[in-house]
Structure formats: C-alpha cells, structure tokens
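Read through the structures below before going on.
Two complexes follow with subunit A in common, the first pairing it with subunit B and the second with subunit C.
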Partner chain A sequence: MKPLQVVGNRVLRVDGKAKVQGAALYPQDINMEGMLYGATLRSDKPHAFITIDLEEAEKIPGVVKILTAKDVTGHNHHGVLFKDHDVLCAEKVRRIGDPMAFVIGTSERIAKEALKKIKVHYQEIPAVFDPLEAMEERAPKIHGESNIIYHYKCRKGNVDEAFKACDIIVERAYQTSMVDHAFLQPEAGIAYMDEDGSVVVLAATQYPHFDQLEVAEALGLPTEKVRIINPAVGGAFGGREDITMQIHLALAAYLTGKPVKVVYGREESFYAHSKRHPIMMKYKTGATKEGKLLAMEVMLVGDTGAYASWAINVMRKAGVHAPGPYEIPNVKVDSYAVYTNNPFCGAMRGFGATQTPIGSEQQMDILARELGIDPIQFRLMNCFRVGSETANGQILHESIPLVQCIEAVKDRMFQELR
Partner chain B sequence: MISISLTVNKQVYQVEVEEDLRLIDFIRDKLMLTGTKEGCGEGECGACTIIMDGKTVNSCLVMAFQAHGSRITTIEGVAKDGALHPIQQAFLDVGAVQCGFCTPGMVLSAKALLDENEVPNRHQIREGISGNLCRCTGYNKIVDAIELASSYIKEGQQDETSSSGRQ
Partner chain C sequence: MKKRGRGIAAAYYGTGYGNGFPDVSRARAEISKDGNIFIYIGATEVGQGAKTIFCQITAEILGVETQDIHFVCEDTSQTPDAGTAAASRQTYNSGNAVKKAAESLSQRLMEQAQNHLQLNSVHGLKLENHWVYLEDFPKKRVHFKELVKEDTLIVEETFTAQTVKMDEETGEGAPYWPYTFCCYGVEVEVDTETGEIHVIHGVCAQDVGKAINPELIEGQIEGGFAMGLGYGLMENIGLSKGEIKHNRFANYLIPTALDVPELEKIIVEDPSSTGPFGAKGIGEPVMIPAAPAILNAIYDAIGIRFYEIPVTPERVLVAIKDAQKEGKE
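Right, the complex of A and B next:
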C-alpha cells in the first residue's frame, strides 16, 4: 500500500499563507465598483406591533431605497427549522434587535444617518422573559398558540420505584447563562447581480447551500438564480448557521441592480445572530450507600428566545446528554424548548451537550461528598465502559476510553498540584 | 480636512484626511491595506493592531491625523522581499492560524515583542499578546509559534554570521 500522504503527517493549511500575510479576504475586505451601502433598522422594544414611517428618511440625499416587509418579493420568512423569522418584520417585533427596515444609501454614513430619521410607532404588548413563565397557559404568546415548541422525553426503568430503594437522594436546580459566540470577524457581506441575471451573495456563512434556498424563497427566485459565495470566514462556532444579512443584501442588489455592501459593528453582531441556549435544570439523583447510581430524574427548560433556530435539536441533545456518561438503570428526562422575548438561541459549540454537565457533574460531586466517597472514585464506579447501556438504550460496543481518560487526568492533576 | 504625512510600510504618504477619520479606516479604506482587521472598534480585541514608532497600537483608537509624522508597519509590511517573516513562518508551521482574523494583529504584537526581547519566556509572550483576542485557537499554539519564531530568528542570525564568515 502506498504510504498515506496526509493522515499522520503535518500539513500546512491551504489558506494559512494568505492569512499570515493579511491577504486573505473576509467579506468586509471586498469592495466593488459603484457599490451602495446598507444599514439595518432594528427594534428597540422586545414585543410590539409596529408601523413604520419612511417619509423623512427617504428625503435624505443619497438614500437610494429603504426596504421594508412589503418590498420582499417572495416569502417574507426564513429559519433553519421553522420559518419563524420575518426577513423584515411585517407587523410585530418579538425581541430587541429584530430587523424592521434596510436602508440602501450611497455611503455608509448616509445609510446610518437615514436610520435615525425613520419613525417607528410601537404599540407595545406584554412580553415574557422567563421561560418557566412562558410555559404557562396565560403567558403572552410569541408565535401562534403555545410557547412550548418541543418536549423530549426519555424513560428508562422506573424512577419512582428506584428512588425508594436509594440510600441517598440529591435534588438541586442549576441555571446556565446565555452565551455569545463572539467570533472575531463581525458579520459583513456584499451582494450583486451577475451578467446572467443571478443574484450573488458573498458573506461569511456556515451554511451556503441552505442560504441559497432561503434567499431564493424570500426573493421568489429559482435556486439556480441565486449564488452564495463564502470567502474567508472569521470564526463561527454555530453563530453563522442562521441567516443574518444574506436576504437583505440579496433583495437590495436585486431591486437596485447595484452591488450593495453591509458591515456590522460588534454591537450589531451581538443583536444579529443566535446565542447559546440558557438552560434551567432540575436534577434529582439517587444512589446506594455503596455508591451505585440507581436513579436520575431531570427536567430541562431551554430558553430559545424569540426564534426557534435549532432549539429542537439542541434541547434533544441536551436531553440525551443530561444523565452524563454514567450507567443509571432508571432515568426520566423531560427537556423543553420555549419561546420568550429574549435574544434568540441556536447552535453553539456542543449544541446542548455543553450545558448539562453543569448539572450532572455537580450532582456527582455532591453525592460523592455526602457519601464520603472520593469524587474520582465515585465516577470510576459508575461511568460508561464497553458494553454499557445509555439512558436511551444505546449499547456502547466500542471505544469508550473514559476510565483511561479519568485516570490520566487524575495523575496529571495531582502532579500539578504537588 | 487636515494634511498629514506619514510612512506606512516604508512608503511615504502626503495626504489630506477628514478630521473624524480613524487610522484604521485610513489604512483599510484609503490605502486599501485590508490586512488590518476590525473586530470591535473599541480597543478590546487587538485585531486592528499595527506597529507605530516601534510600539503596538490599536488603530481603531487612533485618529488618522494623530499619525502625522509617524512610522507605521501593518501586516502587509512584515514579509521581506516576498519571503515570509520568521514569525509568519512559525505561525504556519505550528498551526497557530485557524480563522485567521486575529492573525495579523497577533503577528504584529509578536513582532513588537521580539524586536525588543529576542528570547522571551512563555510568560512574557503571553503578556506580549495580552491585548489580542483569539476566539479559535485557545492561545497555546500562538504562544508555541512565537517561541518557535524566536528560535528561527536566532538561527537566522547565526546563519547570516556563519555565511558572511565563509565569504
């Protein structure tokens, strides 16, 4: 067999040389002849019906066009799982930062100036920021009939019976916070019309093929008339999976026939993209006095904010990972995703699996302490090995080097403490 | 408008600039040197780092007119005669580049450090890049790269003396 060329060898990354020289082009580095600039008007109220008056803004010299919901030529919606975002809010804003209008001007300065002259009349409606309150029947509804958009259930054995057999039960609640990816390159993009009448959007994205579908649907064009070009991407970590500016830019280029560029500053970047779901967790974990885990009951409530994004996948994964890497014969997990008027949450590194160890591992520490067992020993007594069965019934047939990992960490940890 | 003169990457510019123009915009939009990046616009991230009269500065916090009379190096001025600078080479060799958006600023902070202290220890390296955020690498590889760069630079000098000795 020929020796492998890449696997096991050090390879220089293809884009590395351009990046160390500052020659790699990110969207903000790309300019086109005769381009116009865009700026986005965003809501500063979390829940309100809106009417927008453009009259004064449109009079500013250099303002070419101001797009609102009625200018969307196809469907005024997008979203990775549910089409619950408006491209530009038509009637209602559901969070602070919702895009309502997109100004196209001859310079960035003019476009931003015009934002200040747009008059928005907000008719505020009650908002909800606490996901537990949002689950209640009488809570204000963000979309449709219910704020609960997903309920994952996992049932294994019988927790009620098993808790009776436990010598010790620990019950605690945990809460993680909302986190931003803060990728170093704020969103930027440029769109233009190709000679063959296609609209081309050049933006840093994690999902160009899906962006193409979303842009095509919102513009009412066949997909072959939409091209997405992904230049250098300055970090993403899940935060570039949802559409931010792509459709605004595409519409602007399509309706003006000119190249249009937009660059978000850091603050606008925070408003524009998803966050990591904050999760409220209730854990009840029981063990025998010898230290064998017998039962675990978990409730998770993930606040997805005003839009679903990947909430369902994230809260499913959180539910699947909630018991941690431990053999527990009786498990009950309920994991919910809930709309609120908070910033919207979606993909971020770990996709739900990052949050639950905050709960499950602290449960392990507390149980070990109360039982008087060394916390590392306690984990070794209960952790997955080859042949273990997870809470959802998966038999782990191979490659579960968790014991080796814990032991390696233990050795290093104590070396470093010495 | 204010007229200023300054040197950027060894080239002298005599220009008129708006009073409210930031140095980063002058570099990116007027000189079209887009290797200098804007990550925050408020002095937090260091993506806009340049070397001005031997010291690193955040070009988003300096007004263009304040650069009057200064000597500036941007990332485009680091490589010599088309050959990568040892710092750039070390970043590549170690794998210290991921998305690359912090890289120009990191390379310049490393350069300012190594220009003053040829053999910094890891602690001094960390301090040298403490004004630069990287969201991708976790920093260790960047510290490794700067350490390696320091040894490349020393070897390079030895090579130069030994080769000049031979001639």
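Right, the complex of A and C next:
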C-alpha cells in the first residue's frame, strides 16, 4: 500500500482563517431587513400551575404578537427521546426557566419591556430537588406516575460470593456537581419564510436534521417545508442537542411572515440549555492481596431535572463505563435516571462516562494504597488488553492500547518506577 | 505551606449512540461539470475539526489537496443526514461515510477514464492532482474535467455502526464500538493556607486509532484537559431550590489560560480495522481522566480524599481543618 499523503498531516483547519479574522458568520451576526425581535418569558417558580394574562403587555406599542401554548400550530412538544418539553408551557411549569410565552416586537427593547407587563398567576405545588427523595413513592411527580425513568442493570458473575473471597474491600460514596457547557457563544438565531413558503431557521445546532424534524412536528408542517441552516457554531459540548429557541423562532416567522431574531444573554443561556447530570455514586470494590480485582458493586443515581433529554442514554453510558477499563470477573451495576424540579440535564462531553471515573479511579487509588501496591502498577495488573471481556461480555478484540497509554505516562512522569 | 503531589487516571470511552440503536451517517460526493469536488454531509463543525478531517479523508482518496475540496455541511436542504455531532462519533461514523463516498467517486472516475482512454479495465489506474492515469504508462491520462464535462458525477454512501442491544436484566451485549483509551498524569501544588490548587504539570496519553490530523487532536487534548480541570476544581452552577445561583461568568468560574499548565501530549496509534484509515473518535475521551487524576494528585499532596467535586479552595480549607481536628482527638 502506498504511504498516506494527506491523512496524518498537520493540515491547517479549513475553517480557521475565517474564524481568526472574524469573517465567520455566527447566528448573532446575521440581520435581515424588516426583522422583528423575540424575547422569552420564563418561569421563576420550580413547580406550579400557571395562567397567563397578556392584556397589558399586548397594549405596548411595537408589540406585534405574543405567543403562548395555544398559538403552537402543531404539537406543543419537543424532546430528543421523550417529547416531554412543551414548546411553551400550557398548564404547568416544572422548573425555573421553563418558557411560557414568546413576545415578538419591533425592537429588542420593546420585546423585553413587554415581558415585564405579562402577568403570570402561579399556583405553586410541592416540588422535589433531591433525586433520592424524588425516587420515593410519596414524592411529587414531575411527569406521569413515577420519577424514575430508567434503570440500567448489569449482572456479571456473582458479586456476593466474590466479595467473600476478597482480601480487601473499599466502599465509598461520591458526588459530582451539576455543571454547564459554558460555550463561548450564547444561543442566538433568526428565522424567516422563504419564497416557496418554507420556514427557514438559522441557529447553531449539533444536529440540523433532527432540529428539522422537531420544528416540523411542532409547527405541523411537512419536514420538507422546514429548512435548518447551521452557521458557525461557537462551541457546543452537548449543550446544543436539545431545542432551545428554534421552534419559538420558526413559529414566530411562520405566524408573522416576517424575519424574527432572538439573542440570549449569558444568564438566560444558563437556563435555556441542558446541564451535566450530577451523579450520586456508591462504589464497593474488592481485590485479592496480590492485587487482582475480583468484584465490584456500583449504584448510580443521576438527577435529570425536569426533563429527560438524553437521561436514559447518559445513565446507560454511565452504567456501562462505571467499572472503569479493568477486567473484573464479578460486577453488579444499577444506574438510575430520575426526574426532579431542577434544571434539566442532558448531553455533555463524556455523557455519563465523565462522571463515573470520579468514583472508579479514586477507588483504584485507595485500593492500591491499602494493598501497598503502586497505583500505576495496580492499574497495569488489571487493565483491559486485547482479548479482555467487559462487564457486558463484550470482547475487546482489537485496538486496545491502554497499557501503552499508562506506560507512556509512567515513563514521562514517574521515572523512579521504571 | 505549599505541598506537591502526583496522580494518574485511566479511562475508556465507547463511541456512538450505542445499544443497537441505528447509528447512521450519509455523505454525498460530487464532481461538478467544471471539475470542482464537493462533499455534502449534515455533520456539524462544532469546533472539533470535522470539516478539516473530512476534507483530508476525501483528498487522500482522490489524490488531491485538502483545499481542493468544497465542503458543505450547514444546510438541511443541501445535505444528507449524518446524525448528531456528539458521542465522539463524527470521525468514526461520518468519516467512514465520507471515505466510502470518496471511494465510490474514485471508482466512477476510473470507470469513465477506462472508457475515455479505451482501456480493457480499471486496473492500474491512479488518481493524482485531478488526473486519472495508468501507473505503468502515465501518458495514458485524462483530467477530471474532461470526464465530467457532460454530466456532474454524484455518488452517495452510508455507513452504519455495529452495536448490539444489551439484555435488560443482565446488561449482556456489545453496547458500543469502538472503544478509545487514555491515561493522564498530573502534578498539583496545594496551598494549605489558602486552599488553592494549581495543576502544574500534565502528561496526556491518548489512543486515537490513527491520527487523521495530529494538530487537531492536540487541540482537543488541551481543551478537554481544561474542561476536566474546571470540572474537578471550579465548576458548579450553585443550585438552590431549582435556581441557578451561578448564572454568569462572574460566579460560574471556568479555567483561564493561566490555570492550565503546559501539557505533554502523547498520541498513541493502534488502528481500528473498522475506522476510516483506522481512526477513532477522541472528542469526549480527552476530557475524562483530567479530573480524577487531579483528585488522586491532591491526595498524594495532602493526604485528604475528596469525594465530592468541585474541590474548591473553601472545601480544601474545611477538609484540612477537619483533618487537623481528627488528628488531635
């Protein structure tokens, strides 16, 4: 085979020059003649039934239209897995930051002014913020009959028997925090009707074809009547997978026939997109005195907040990756995803597999130290190699260079161990 | 007092949607009548470098330069669906779709060249610098433009990843493929008076299968490490009864350039037979070992384990005080 000519080279980014020179167009940079501006009214209560009075706000000169749930022309819902978000909340808000109305005005100032004049009557209902409490039967329910929306189970070997054979067992609990993607470019977008009657949405997204489906369903239009244009994206990290402003914009353009733009500030951006699932973890890991891992039992509870987003997939990935990259003959994992009235959690870089090593990799260090084995050596003794079997029974048959990775770090940083 | 310690963490990450869910990328390759090469694919450039590596893959197959490729990914009316820019799947999934489309285009060009040059077969034909030529008799050659002057050449290809749904009771199955591996080592300095933690050195070894563009991988490692550092030491939205108290960068702290040390980045290559040229996705794995390696280094420095992140200076000071109290009792 001839040597590769281009693949493997340090080719300059093809989009680099435009971004460095400031020529790249981000959604916020795009303006259109005669465009209107949108502003979103968001809930400041975590769990409540709502009624909305628009009368005073509608009187403000320059307010073109105020959209609420009843203006949604198709299905008033969206969601990457479950359609559990309302486009605009119809009866109930489930978290602080839930969108309830979308004001369309002739200027940004007028649209924001009108937000203050909308009267929302909240009839508050009990809320739950702790995922363990949310799992209890008597807890307030966020959607439907139960707050537990997913339970991943992994059962390999027999952990109860295996722990009896362990010379050492380490049991610890860990907790990760709810964090934001903190991408540089807060959400911004513009929507308009094109000549052939299609609604066009320009907004930064990770998956334009899925946004197209969500917008079409909410507007009640055939998919081919919706076009998504994805200009330069100022960072995403999972935070641009769920719909934020796309449907509001599309609906506004569709109902007014005019281009409509909206720009979120940083504070609104924090409420608009998903967060990383905080996970409560309980780890029990056992090994022989020679340093061979024998058994692991893990319980994970992930708080997905008020909406599911990718919770099932995230807590599945967390469950699959919970044991860490090690051969362990006996494994039991239970991983739960739970609704609460917190901000909603979804995709974020690592998707569940970032949270679990906060527990599993500290377990490895604690065990190594208690066994009197160097932590690097202990990892090398147990880590995946070609031919290893995972806790799911998957055979790692090729491209498994973990030993090389660990050895590389050891050689560069821990020379005394060589 | 300033105390130093070192720690490591190893990690792995399974690519893609997983669990048997159809994970599909589609790409279209074209040569227009004026000889321009286009790739159309609905795969988002989120800053990870997708546009660049897809152009490199196409250029490699068609024997042209990266900048010769016109790449279009921004518009649903022009591009086929290539799934989401997530799950570290674009290099692997969409990279494979782009490679298949480019190969298919190459095959079509060679078939047209066979006719044009009146050859018996396509064997021995090569593509280089917009020409198709016969390797052992290079005078037999034809330019791409000559082959497409009547009709635009268009091909579309699909790649579907292979995963197996897990059993709901036992978890048995093959939930993700391929897996990517990494190990990071860090050195920290803990100021026991202020509680501040500085990460002063990092070594990052990252399995990539095969590096399509080492510069972009190193960039991802830098960014992933910084994000992991923020996760371990700083970031917390400050929840209080469903309210986000830290909702701006004045109180939601993320790392700055000054918080991130010089990193030694080691790219480990061990090609995956199903990846494009052996490549695997690294967008997420590069973040994962940073925070746990820092936690292990903190223990090495001050002998205190932190079971909750972020390990802020306030938490460090409280923990040191508690440890001293326990020591006295």
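Everything below uses one rule, namely that the second predicted complex is superposed on the first by the 409 of 418 C-alpha atoms of A that agree within 3 Å, B and C clash if a C-alpha of one lies under 4 Å from a C-alpha of the other, contacts with A are read in each partner's own complex, and residues count from 1 in each chain.
FYI, a residue touches a chain if its C-beta (ideal position, glycine included) is under 8 Å from a C-beta of that chain, and two chains touch if they have at least 3 such contacts.
Since the model is a prediction, treat every value here as computed from it, not as a measurement.
In the superposition on chain A, contact of A:K317 is made with subunit C only, not with subunit B.
Contact with subunit C, but none with subunit B, is seen for A:R349 once the two complexes are overlaid on the shared chain. In the superposed pair of complexes, A:V233 makes contact with subunit B and with subunit C alike.
In the superposition on chain A, contact of A:R13 is made with both subunit B and subunit C.
When both complexes are overlaid on chain A, the residue A:N76 reaches neither subunit B nor subunit C. When the shared chain is aligned, subunit B comes close enough to touch A:Y26, but subunit C does not. When both complexes are overlaid on chain A, the residue A:S274 reaches neither subunit B nor subunit C. Note on subunit A: of its two partners subunit C and subunit B, the one contacting more of its residues is C. In the superposition on chain A, contact is made by A:A182 with both subunit B and subunit C. For the contact definition in use here, the residues of subunit A common to its subunit B contact set and its subunit C contact set are 10, 12-13, 15, 182, 232-237, 266. Residue ranges of subunit A in contact with subunit B, taken from their complex: 10, 12-13, 15-26, 28-29, 181-186, 232-237, 265-266. Of all residues in subunit A, those touching subunit C in their complex are 4-15, 46-47, 95-97, 127, 129, 152-156, 172-180, 182, 205-210, 212, 226-238, 240-241, 266-267, 270-271, 275, 313, 316-317, 319-321, 324-325, 333, 341-343, 347, 349-351, 353-354, 357-358, 360-362, 365-366, 375-376, 379, 383-384, 391-394, 396, 398-402, 404-406, 408-410, 412-414.
Residues 28, 33-42, 45, 47, 74-76, 78-79, 84, 88-89, 91-93, 95, 97-104, 107, 133-136 of subunit B are the ones touching subunit A in the complex.
Here subunit C touches subunit A in the complex through residues 6-14, 17-19, 42, 44-47, 49, 51-52, 55-57, 59-60, 63, 65-67, 71, 73-77, 79, 81-87, 166, 168-179, 181-185, 187, 201, 203-207, 209-216, 224, 227-228, 230-232, 235-237, 239, 241-244, 247-249, 252, 254, 264, 266, 268-273, 275, 277-278, 280, 283-285, 287-289, 291-293, 295-296, 299, 305, 307-310, going by the rule given at the top.
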